[in-house]
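Dropping the structures in below, format is structure tokens.
Look at the two complexes coming up: chain A is in both, with chain B in one and chain C in the other.
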Partner chain A sequence: MARVLFTPHVGGLLVLIAVIVIAPYFFPSNFYFRIFALVWIASIAVVGLNLLMGYAGQVSLGHAGFYGIGAYAVAVLPHHFGVPSLIALVIGLVVAGGLAYLVGRPILRLKGHYLAVATLGMGILIAMVITNEAQFTGGPDGMSVPRLELFGERIRGSDTWYWISGATLVVICWLALNLVNSPTGRALRAVHDSEVAAQVNGIDIAREKLKVFVLSAVFAALAGSYHAFMGPTITPVMADFLHSIELVIMVVIGGMGSVFGSVVGAAFLVTLPQLLTVFDEYKFMMLGLLMMAFMIFLRDGIVPSLGKLLRGRFAPAKAEEPSSPKASEPSEAKPS
Partner chain B sequence: MAEFLQFSFSGLTVGAVYALVALGFTIIYNASDVINFAQGEFVMLGGMVTVFAYAAGVPLPFAALLAITVAMVVGVGLNKLAIEPARGASAVTLIIITIGASVFLRGAAQVGFDKQFHSLPAFSGDTPINVFGATLLPQSLWVLGSALLIVVALFVFFNRTLYGKAILATSNNRLAAKLVGINTNQIMLASFAVSAAIGALAGIVVTPITLTSFQVGTLLALKGFAAAMLGGMGNPIGAVIGGLMVGLLEAFTAGYLSSEYKDATAFIVILIVLFFFPGGLFGKAKVERV
Partner chain C sequence: MTLLNVDGLGIAFGGVRAVDNVSFAVPPGVIFSIIGPNGAGKTTLFNLISGLYRPGMGKVWFDGKPATGLPPHQLANLGLSRTFQNLQIFFRMTALENVMVGRHLREHRSFLSNLLHLPATRRQNAETRDAAHALLERVGLSDYADTIAGNMPYGALKRLEIARALATDPKLLLLDEPAAGCNPVETEEIDALILDVKWQGVTVLLVEHDMKLVMKISDRILVLDHGEVLAEGTAEDVRQNPAVIAAYLGEHGQKEIARADG
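== the complex of A and B ==
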């Protein structure tokens, strides 16, 4: 019984639920509901991206594009076409997933730098469309989002969104953990460790990668929709390159291949600028330094490193191998 | 016809800048297998440092030299402090590190300089030259001339000097290069310094035409990368041709189709190249060893 409590499935989810429920008692003001709602929302996107990066070992520098699709779907469709918000949300998810499916096939054949650049190009194209189609999206100034109505009630207020996004995050984490422990999850890890070996063992690499790419795009779009609903306004900044990078940093800081690491990474990066409002000017310097520092010194990220520490078994320092150029390097992030 | 020429001129001018950025990518990639996403920041530094030094009263040529020196120091520092400690890491890790460096340099420029757009006076006047009804700015000739000069200089450097050949040897096989006594760490440093200098120079000559600000680097890096991909990663001649092609395509898109989507051209090019010719137009098919 005690052992069960320490598995991510039971223990991890319980901790997450406890944090979500207890945190509001420590909020000094209502403003914190908004910040932590943003943390849960970012986490939803980051959990998906982490499945892609940490488990399947594929990088995406364009996920903010899907986030933007989700956000603008719930803004543009109700505003210009009178589509009910909830249906607009579903349409947003379908569009993001469909787009990921279409571009995923050719894109996911690529590796390393090429994959990074292809996803980046895709993300930037989405952001560009959002910025340029000003008659629908309001251009660079953004637009306001009609409030979501559920059962005749207008959903507003950061505290309501705190609970909605928190509950959704729990479900998303549960889904992600299930996926990780399913045949698909094992296949993904095999793909991460060695694509060739995975293929030899009969795994349809392309299909497994595509599956998780589509899933992560849908999660990102869902996060974008929530963010837009909480509003009050949205701008193309949500879809731009730097936001994609921020999502990647969240994955990396929390720990690639760790579902709860995603939440920690998101919490870290969303709350940090709030703590450092005085240093607003230095935000990007800090972000850049963090990215470099984590990649150089703490490549496993916070949660997996802590996990190792707690289990008291430090992996012996990896011997520096003479790096052979042009050969693919062994991936360093093992799923934990 | 005049219109076509006009678009070609502006395309070739920006294309020359992309070509220089792409060359910078290529040099570092060849020496170290790293795609340096901070390459665009060298261009930004070149422009910004020159602008601010010039505004402080430094004569233009010295301001330019100062900017190139600053960029080289930053390039070497980037290699020493961020790339070398992560030697042997996966491509994704290195990408994140260089993007981090790029975000950092952008942030630093925003704090250290300012958020405004800046320009420099054209080096040899603003009187446009009339060519068959199209106008050509003298500054465009400076851009094209510098690009040509750098390409020739690099060609000589790589093919005629021992040091250049050592860089080529390192890019072919680092271990073998080490075994014949080449100091590969020094080669890495040199490649970062050279490519930073090239980037800075591009930033300096293009500033009178396109203006500069702390945030020009990101887009330039991406377009330069598109150019390098188009030509085939690691191929210097390909990088130059790729740069000019991206510049021309962009200018024609802006002229004939839609100026709003001109920036999209480079990314559509990237996607098409990646989907259909993953090796680039002038690249060789790569065989991966399992």
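== the complex of A and C ==
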């Protein structure tokens, strides 16, 4: 029993559920429901991006674009075209996934970090469209979002969205963990370690990367839709480049290739600015310094570093095999 | 009936003909070795056959199908797998997971089923795990199953790579210097493993520097020099071919052979 509970898979999910359920008891005010709802929402996007970065080894610098698509889909479609909110949400997910497919399919056949550049351009383009199509989107001032109605009830209030986004995050983490521990996940991790070896073992690397890129775009769009529903207003800032960078930083700080690291990274970056308000105008400077500190002292990210520390301390003493220097250096994937 | 047919294959890098007009045929069920001095183009030839490089000229047929310039994952699907001279291991995965990746092509891997962890995926995971355990046992690495590959000794990684390649159920296995950097005991183990692979019905295409090993286990040997075929035949033919002796084996090589004989 204990063994099952402490596998990262089940144990981690239980911890996450416990945190989501218990945290509200410590909230000093209702305002915190909103902040932590934003943490769970950001986490949904970051878990997807982490699958792409931490497992497939690809960087997207335009994920906020997908976030923006999700957000504006549930705002524009119901407001201007009378589309029911829930259907608008699904349309947003499909559009984001479809766009990811169109951008990713030609790009992911190329070796190297072309995806980062392509998504960078795509993200900027999406933000520009949102800003400029003011008759639909309200331009830079943003727009208000019609409330979601489920079974005749209007879904409103930060506390409601806290529970909805928290529950959704648990499902998203479960999906991500499933994927990691499946043939697809093994293929992705293989691609990350050695593309050449992955190929000769029959893995169509372009295809596997494309799948996870599309999935990550859909997760980001879902997060955007939730954010918009919680409202009260949305602005093009959600889709802009800085937000994309923020998502990438959440992945890196939490830990690449760690599903729960994604949540920790998101929590860190969403709550930190609130804590740093005491520094007033030096807030961003403090944020920058903290990031540098992370890159210097915790390069693997919070969760993997902690994991390593705990394993080192509590693991049963097991004779490590002496590793020859030649073998332990992952050589660049280039056959000579 | 030939399993692999290479006809006039060639590639040039910036005017240097690394492989030039190479032709040979590998019948099924044999150990076919390619030897030659450093820089003769052996690994380049491997990279051409396994689809990592696109040939500049010539044709390849595999198992009766045209296979020229196919990407590696499609060749793997046809039944061609390989190992690398400079280890291409998934260093952050365990030994078992490395071999499990080799089962990729034979796995039921619907994305939706993987995402939802449906019974089909659970069954598949168990099946793959069993197959990988069996292969680790076959190459003598059962003790390392849960060890991260990055922490394994060099000789074990050499065998791990073979186990992973075997996991793809290949018809033809390309081994690029499987004994390079191994001590005599490890070389002996790899030698036995290659013979075992052959007895299981997998054809082996071998590049190896260890002459003793090559002469002992090869059914046929192809000698490359400066990217061209110098000779082809049985170990005996090659050993007595004056061109081979002059160009490749030389005085030192003859001594090696004498030692291998004795």
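In this section, the second predicted complex is superposed on the first by the 295 of 336 C-alpha atoms of A that agree within 3 Å, B and C clash if a C-alpha of one lies under 4 Å from a C-alpha of the other, contacts with A are read in each partner's own complex, and residues count from 1 in each chain.
By our rule, a residue touches a chain if its C-beta (ideal position, glycine included) is under 8 Å from a C-beta of that chain, and two chains touch if they have at least 3 such contacts.
Since the structure is predicted, the reported quantities are computational estimates derived from the model, not experimental observations.
Peer 1: Considering only the touch criterion stated at the top, classify A:288 as touching first (chain B), second (chain C), both, or neither.
Peer 2: After superposing on A, A:288 lies in contact with chain B but is clear of chain C.
Peer 1: Now for A:196: first (chain B), second (chain C), both, or neither, which partner does it touch?
Peer 2: After superposition on chain A, A:196 lies in contact with both partners, chain B and chain C.
Peer 1: Touching A:59, do we find chain B (first), chain C (second), both, or neither?
Peer 2: First partner only.
Peer 1: May I ask you to decide whether A:183 touches chain B, chain C, both, or neither, giving the answer as first, second, both or neither?
Peer 2: second
Peer 1: Should A:252 be classified as contacting the first partner (chain B), the second (chain C), both, or neither?
Peer 2: first
Peer 1: Would you sort A:275 into first (chain B), second (chain C), both or neither based on which partner it touches?
Peer 2: neither
Peer 1: Touch check for A:22: first (chain B), second (chain C), both, or neither?
Peer 2: neither
Peer 1: Taking the contacts chain A makes with chain B in one complex and with chain C in the other, which residues are shared?
Peer 2: 196, 320-324, 326-328, 330-331
Peer 1: Okay, in this complex, where on chain B does chain A touch?
Peer 2: 32-33, 35, 82, 85-93, 95-97, 99-108, 110-111, 171, 173-175, 178, 218, 222, 225-226, 229, 233, 260-261, 263-264, 266-268, 270-271, 274-275, 278, 286, 288-290
Peer 1: What residues of chain A sit close enough to touch chain B in their complex?
Peer 2: So the residues of chain A touching chain B come out as 53, 57, 59, 61, 103, 106-107, 109-114, 116-118, 120-122, 124-125, 128, 132, 196, 241-242, 245, 248-249, 252, 281-292, 295-296, 299, 320-332.
Peer 1: For a test of understanding, state which residues of chain A touch chain C in their complex under the given definition.
Peer 2: Within the complex, chain A touches chain C at residues 175, 178-179, 181-187, 189-190, 192-194, 196-205, 211, 215, 320-324, 326-328, 330-331, 333, 335-336.
Peer 1: Touching chain A in the complex: which residues of chain C?
Peer 2: 43, 46-47, 50-52, 71-73, 75-77, 81-82, 84-93, 97, 100-105, 107-109, 111, 113-117, 121, 124-125, 128, 144, 147, 150-154, 156-157, 164-165, 167-168, 181
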